[in-house]
Each structure stands twice: as structure tokens, then as C-alpha cells.
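Here it is, the structure in full.
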Amino acid sequence: MSHNYRLIVSCPDRVGIVSRVSSFIASQEGSIIEANQHSDLATGRFFMRYDIRANALSAHDFRIAFAPIAEEFEMNWRLSDSDRRQRVVVMVSKESHCLVDLLYRWSAGELDCDIPCVISNHDDLRAMVAWYGIPFHHVAVEPDDKASAFAEVERLITAAEADSVVLARYMQILPPDLCQRYAGRVINIHHSFLPSFAGAKPYHQAFERGVKLIGATCHYVTEELDAGPIIEQDIQRVSHCHTPQDLVRLGRDVEKAVLARGLRWHLQDRVLIHGNKTVVFS
Amino acid sequence: MSHNYRLIVSCPDRVGIVSRVSSFIASQEGSIIEANQHSDLATGRFFMRYDIRANALSAHDFRIAFAPIAEEFEMNWRLSDSDRRQRVVVMVSKESHCLVDLLYRWSAGELDCDIPCVISNHDDLRAMVAWYGIPFHHVAVEPDDKASAFAEVERLITAAEADSVVLARYMQILPPDLCQRYAGRVINIHHSFLPSFAGAKPYHQAFERGVKLIGATCHYVTEELDAGPIIEQDIQRVSHCHTPQDLVRLGRDVEKAVLARGLRWHLQDRVLIHGNKTVVFS
Amino acid sequence: MSHNYRLIVSCPDRVGIVSRVSSFIASQEGSIIEANQHSDLATGRFFMRYDIRANALSAHDFRIAFAPIAEEFEMNWRLSDSDRRQRVVVMVSKESHCLVDLLYRWSAGELDCDIPCVISNHDDLRAMVAWYGIPFHHVAVEPDDKASAFAEVERLITAAEADSVVLARYMQILPPDLCQRYAGRVINIHHSFLPSFAGAKPYHQAFERGVKLIGATCHYVTEELDAGPIIEQDIQRVSHCHTPQDLVRLGRDVEKAVLARGLRWHLQDRVLIHGNKTVVFS
Amino acid sequence: MSHNYRLIVSCPDRVGIVSRVSSFIASQEGSIIEANQHSDLATGRFFMRYDIRANALSAHDFRIAFAPIAEEFEMNWRLSDSDRRQRVVVMVSKESHCLVDLLYRWSAGELDCDIPCVISNHDDLRAMVAWYGIPFHHVAVEPDDKASAFAEVERLITAAEADSVVLARYMQILPPDLCQRYAGRVINIHHSFLPSFAGAKPYHQAFERGVKLIGATCHYVTEELDAGPIIEQDIQRVSHCHTPQDLVRLGRDVEKAVLARGLRWHLQDRVLIHGNKTVVFS
């Protein structure tokens, strides 16, 4: 029986990394299905992602055998088992378009993950989530007691054994300590072409400024609002004919598309964080 | 012999404007070749642009006959003679791509204007401009005596009887009084997707932020740097593979395209300024 | 109480049409909310679409009062009541993405229509349609008795009092007489950038040819397969990395977007058919 | 002194290729600057492109040392010296936009090649080419004696020691034997989104069909007209407002961009031909 792994590496760039890693894989009778690598010239850092098929080797044995190489090259690395689906908790408020889109793609097999639950600060989308057979948790966030709400949110995330969390238009700001504990694992969709129009009501900001394109940005959540590493962005043309409500409507399509692409790449270990930027092997 | 005019109007929106204007044109035996109109719901303002062919009527007579209607509807209006080419002064620094593109399009008949001269703060592009038979003026801008440089620039613009000025990557900031005197007539190309990355070195700012799309913005120049009414914008996809130099190279193509579209629309009286925004009948 | 109408006109182009129509509307104390017009220079035909708000006038009275003008200018015209929602029957096979997208947009208020029923040649999507409270009819199409199947399909369309029919990836070819009876009222989404790859399995054709962009086309159905007037098209970049299955997956997003835009414009009377082409006042 | 090479390989896919090649490069003290690889699942063929920096090794010695590995893996391969600029002959007719664009990019350092000469069947563009200091050859193609014209064309190409030939809107069909002798080395820009509108006057065909997007295709020339392997494509949105002349004007920008990208990738050995398709490591 064959196993599929993904080896994700970043390390200081130097001669011989590819040779050493690929020889190791060949020595274990693994074959490389897909290979991506990138040398960042500005920082001298090297990134690689190998999709590997191995017949005999277990993940455990792979990790033990690979450790000395990783140490020699000062690698920051992980091996993920492609056959094990990530567990992704989705968080929403009242706006349904991103959730509807994610659930459709998930049910159509486009997103290779399990969704143990959906958490919302409103109860509006319960029926839709129920239709997909997914548990729905309503955790209201009261302005004067956010701490207890987010304690409950974190309890649910932990109980769900979530690998990643997706903020699919969840209109609350996560507390800093939660951002830190899940660094690189919480994905947000922001409804503007960042860094333009960070913060609240970006479509209204865009309308006021009179831009001719609106956009959306999928990024990892960090403590600083709307400032984390960008995974994916896209835009939609608009004109003087469009009201703020039109921008909201047109923007929904961009948000859905950008979040779906960003999440899909994240689930396939195609997104490597590099400082406040990303390397995306799409 | 027939004449072609463009009637550009903005006024408070109310019932009967189109009827009154189109009846006037019909009464003068003019035919409407192209009509564009827009009601801005937020401000209650109405905008229209009519392309008119008239057999007998002179521009002078048109203006006299139309004035009472304009007064009745409190119109801000102008009639331009489509057969008279605008005079456009182009200003550049050392980067040639926008200039090369504009001159090619001008010679190919894509830009319906005369170019009485090119003004630059460097002498580098003189030979290229000379090849097109266009006068080239080198006006150095010394940091400690910008005033005299811009006095000379304005003298040249006035002497050229310029209707409009294009800053085709002119890397100097025009003085406020010049911006005011030529309000709505100076077009700039900024090498970012405004409002992101206003100011200096936008591609380097974009690189640092790790955006996945870069852009360019064509806008009218106002006293506030990179904050004037936006005419046109576009973007280009980039990735972690691209260095700041790659962004500069890829951005050149977007800058050229966006500036050419914006200028073409401006020359055809398709851009109406509305506060700090534009109505573009493209 | 005010009424909203849309006046759609095409006629031979000549002086005075706009004046006459807009004066008529003003005389009826109607105001023009949005106006679009187009002169086709090659054929000398004029097209217009006026969004009108009238306080007193009924549609019936409007039609009677307007008829003489229409006759004088040899107009092909119709007045639709914007406040009356079109009835749209949706037809599908097994692929659900376009249906899911349409139903979501419909429930979110993006598509201004009623959906009296969904008809399918398979039973797979019944539960999804039921969730939206819409009747679902399964009409199997047997290869050796298509005639009776399509007789039943037409009976259902008639019973639903459908204004329009959308083929949202309905993988059967409608019989010619049905196409004729519903000319200009049946919208199809074809999963290629027509006229490339008409007919079956367009993504596989695209893969074989090695194109670098795939597309989708929303068009009116005519007797000739995939050859009717095009309403809207869009594309998605692909590469050598993509298998035919990837093209199918990526193409789904383009299909959904293109069909939704085309249908929305159709429902707003923004699409005027001109021979085998369309004028789209988007 | 360091040398830069590009190793381009295609071979049957099997375990150990990357390991063997990268170990060979490491053993020669070469470092891999950029690596691209692709496994074509449908045909079981493997493609790779390595950008290599080597301190001591000459191209000659590299080829000798690598030959046994190439033989073992049944490789179709070549090693190109990145420091040696390709020689590219450009062929044009009367339309200048692609030529102007290529010459600008070449002079700006975007295209890493020498241009030994430009060949045209008309004399119109001589002065422009002369301005760049590039020899210009006028070879008229008479309908009744094409053979002698193309004999002269081939003589000039040979004399120029051309590595590649670019048909930058050269409106003549090359004879089959010339196509064969320069297989994979002649790049054409076709002014449609192939396979739509192959042959003559594609913009007029597009206008007649009423498409909503026009395109351009950069491809390798083969004996069959407009049917060779596609390197790059792009599109531009159009509408019912556009005349065939507008399509021609708008299409010029797409043609320029697509040809420039395709040629740039070709010059960097990023385009590998695979049957009638391409693998493009862009």
C-alpha cells in the first residue's frame, strides 16, 4: 500500500539541498510527484515543497530518517500525510455567501478537508449548515464580555481538534492570544484589496475614494488587524454607475473566489509563511 | 459641411433634462451620434455627454442658443468642437516607457491630439522625441530653486497653448498654484493601485507588503499628492518569484495601458469630474 | 403610487428619436432613471433602453399613448413593468454548480425573478431544490423517445407560465420547434469560449489543443447548436499543470459567473438581440 | 569566473531523475538557481528546466560528463549557455505595433537577445528599424514567385545565424520546408484567441460572430496554418459599441503583450514543446 506525503522545508540557501533531499527520497524508494522550490535572493532563504509517493515508508520512519539532514541544513520543516484530511473550523457572522460557497465546494470535493463545526456570533445560518450535516455553534459576542465569548470559541476549536480556522466573513476581531496560539492557521477574507481600505466598511471607503477596481484579500490572521501575510488577492472592475450596495454585491463574488483559492492552497500545504509574506506554490 | 460637437453637462437632476436638450438638438437639425448619461443618486446630480453632428450650426451659434436652457437647469456645461484637436504637453523624467507608448499611439492615430512639445527635467529622451519631430525642452529642477524651474515649465505650457498636460512618469511634484490653474487638465500616471502605496517607490512598498497584484492609477493632479480624482486603474498578477525589479518591469506595461486609456477618454471628453471622483463614459 | 417601466426599442436610425421619446415621457410626467442607447453604424439600426419612473401612468395607457410614435419610427418595441418579476424555469442535468449558484443568488436577492420550478432529466438534485421550496420535476429523456420527453418539458414550461428558461448545464439538445417558440427566451451556458470547442466535452477539446485560457459563454439558444447570440463570456487562465479534471473544476467558476451575469442582464431587459448578435446595456 | 547554464530535459518519467541530476550538479559544484519540473500524467513524460550556476565547469565539459546520465534515462536534452544571447530575426509586414513594442523592450533590456536584422515584404518600417541601428531587408513577396522570395528570406536568416525567428505580424505564410527546418524556432503572433478565427481577418470574424472578448495567441509555427503549439494567449473585453476597427485597435495591445511574454519565455528556455502542446515554466 502506498503513502502520500508532503515535505515542506525552509532553510538558509546553499549548494546541495535539492541533491541531498531528492537522494534521500530516492533511497527510500519514494517518487516525487510534484516539486516546487524557491530561492529568496533578498533574504538568502530557500523554500521547497515535495509531493512524495512512498510504498513502504511510514511517516514516523520518514521523520526519523530525515531528521539528521534537516539538522545539517538548519531546516524549518514538516512532513504532512496527504491522506489525512485537515480539520477546518469555519466561523461566520450573518453574511452567507462565503459559507455557502465553501460548503458547496467542500461537498463537491474541491476542498480536501473535514469541517467538524461552524461557529457563529449569530444564529441566522444554522439551517443552512444543518443541511450539510455539520454541527453549528452559536456563540454570541457581547461588547462588554468578549472575553468569555472567545474563551468559548477557543474551547470549541480545541474540542473540534481543528488544524485550521477560516474566518468566512466573521465580523469580530479575534483576541491577540488566540491569534498567537493559532499563528499561520487562521485564514481571513478581507473585502478590500489590501493594504487599501483596511478596517471597517471597505466597500464604502472604496466608493468614497472613487476607485475603478474593487478587490478582496485572503490572508493569515495576526494580532495587527488586516496586516497579516497575504495569500491571495483578486479584483473586479467597477464604475461610477455602481452604488456602495453594488460594490457589496459584486465584491461577494471576488471574496468567494479568493477565499476558496487561498484555503485550497493552504490545505495542500502550498502556502509557506516567510516573515510577513507568503511563498505560494500554486 | 457638417460639424461635430460634444456637449458636456452636469446639473441638479430633475424631470425633463433629456427631453429639453434632445429637443433643442433636434430643433437645430443636429443628430445625436452617441449619448451617455448618469444620475448620481447619492448627490442628486445629473451628468450627460452628447456626441452631436450638426449640418448648419456653428459652435458660436450653438452656445448662444443653448445658454437659456443651461441657465434654466443650472447647468455646468461646455461645448467642444470635436474637429479641433486638443493640444497636449507631455512631461517626463528619465523613464521612457510611457512616453514611447504615447508617441507610438499618437503617430498611429489612436490619440486625437497635437503634441506641441515634451518637457523633461532630464535630457535623456531628447533624441527619441526629436525622431517624432516634436520640440523637446529640458528644464532641470534644482532642489534649491524649484520655483524658477516651474516658472519656466509654466511659461512653456502657456506658450504651447496647452489644453492639457500629461505627466508620463514625471518624477517631480508640481507646485500647488500650477495644480490649481490647470485643475482638471493635468493627468498623472501613478505606479500603484491607489490609494495603496501613494508617494515614492510604490513597487518597493508593494514588494515589502507581499501583495499578489500590482497596479497603476491614472488620475487628475490636485494639490494633495496622489489623491486626485481617479480616471482609470488596472492590475497585473505577481508572485513570490518576483523581485522589486520584476515588479518595475511588469508594472511598466500596466502603467502604459492605463495612461493611454485615461488620456484617450480625457481627449474625447468622456471624463467628468464630480467632487474627488470621476464619471467616465467609456 | 409610482410605477417603474422599461421601454425597449429598436428601429431604423434617424434624427429625432431621442427627442421624440424623451419628450413623450416628460409629457407623461415620467422621469428617466437610466438611459442607454446605441447606433449600429454597420446596419443603421438604433437601440434604446429607458428605465422610467411614472407617477400616474399605467402600463396599458403608456402603450396606447406611445403606439403612434412607435409606428411613425417603425419601432420594434416593448414596455415591461419593472415591478413584475419574470418567471424563470431552470433546467439541469446532474452537474449542480450552476444551479446552486443561481439558487443562492436568487435567495440573496441578486436575481429579480420567480422560479416556478426546476426541470431535470435526472433525479439527483431534487433535495437541494426542495430545500429552497421550489418544485422539482424529473423528466427522463430516453434516447429512443425524446419527443415525448420534450412534450412533457414544454407542458411544464407552459404550465409554469415561464417568461424565460435557463439551461443551467442541461446536457440535452432542445428540439428545433421548442427553440423557435421560445426564441430569445432560452438562455444556455456553454462551457467553452465559443466559437471554440462547440459541441460535446469542450474542456477535453481545450486540453487536447493546449490552450492557455479556458472560457464559458452565455448565449440564447437557437436551432443551431451553440451558435446563438452571445450574451456574455469570460475566461480563466490554465497551464500545462492542469489535467482535464482541473479544467472542469476551474471552468465551473467561470460558468457560474458568466451565467449569473447574463441572466441578470436578461432579467433587467438589458440584452437586445440584433440578428445573431446582442446589444448588452450592462 | 562563474558560468550560468540552463539544462532542459524531457524523458520518460521514473523514480530517481531529480536525485540523479541534482546530485550530478552538486558533484560539479554547481548550484541550482531555479528549478522547474513537470510530470505529464497522461503521457508519462517528465520535463525539467534547471538554471545552474557553476564556477569551474565549461559547457563542453558539462555536456561530456552529463551524457551517460542522459543516455541512461533516455533523455531528450540540451544545455544552453545563459550568458550567450540568442540571435533573433524579426519579420514584419506593414503593421508596426508589434515591431515597435519588441524594439522598445529590446532596447530597455527586457528581451535578452540580439536582433541581427529585420526582414519585411514591404519597405514601410525601414526608418524605424534604422533608428535602432538594426539592418533592414526588404524582400517583396510576389504572388507568382513566392519561391524565390522565400529562398532569399532563408538566405538572410541563415546569414544572420539566427537561433529563432519572430513573425511580428508578418502577413505571409512560410513555405512548409522552411517551417520544418526551423521547427520549434519560429514564433508567430496570431490576432485571435485560437482555435477560434484561424486564418485571415480574425477581428472581422470576431465582429461577425459577436463575441464579447477578443484575443491573441503566440504559438510556434508548423506547416498547418495557425495550428502549432500554443505558448501564450490573452484576451480583451469588447462590446456591441466596438466596430471592427476598434477591435483592431484594442487587439493591438493584446498582441503586443502576448508576443512579448511568449518571446521572453522562449529566450529563457522556459518553453518546452510536447507534441502539439507546450510546457511553459513561467
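Think of it as A, B, C and D in the order they're written, each chain with its own count starting at 1.
In this text, a residue touches a chain if its C-beta (ideal position, glycine included) is under 8 Å from a C-beta of that chain, and two chains touch if they have at least 3 such contacts.
Molecules present, by chain and UniProt name: A, B, C, D = Formyltetrahydrofolate deformylase.
Quick caveat, the model's predicted, so the values are computed rather than measured.
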item	value
Contact-richer chain pair [C-D vs A-D]	C-D
Most distant chain from chain B by Cα centroid	A
Whole-Å gap between the CA centroids of chain A and chain D	37
Centroid distance [mean C-alpha coordinates] between chain D and chain C, Å	41
Contacts with two or more other chains, residues of chain B listed in rising order	none
Chain C partner contacts - residues on chain A that touch it in the complex	96-97, 100, 104, 108, 110, 131, 249, 253, 257
Chain A residues touching chain D - in the complex, by the definition given at the top	14-16, 18-20, 22-23, 25-26, 29-35, 37, 39
Touching residues (chain side chain D, partner chain C) in the complex	38, 40-42, 193-197, 209-213, 215, 229-235, 239-241, 243, 274, 276-280, 282
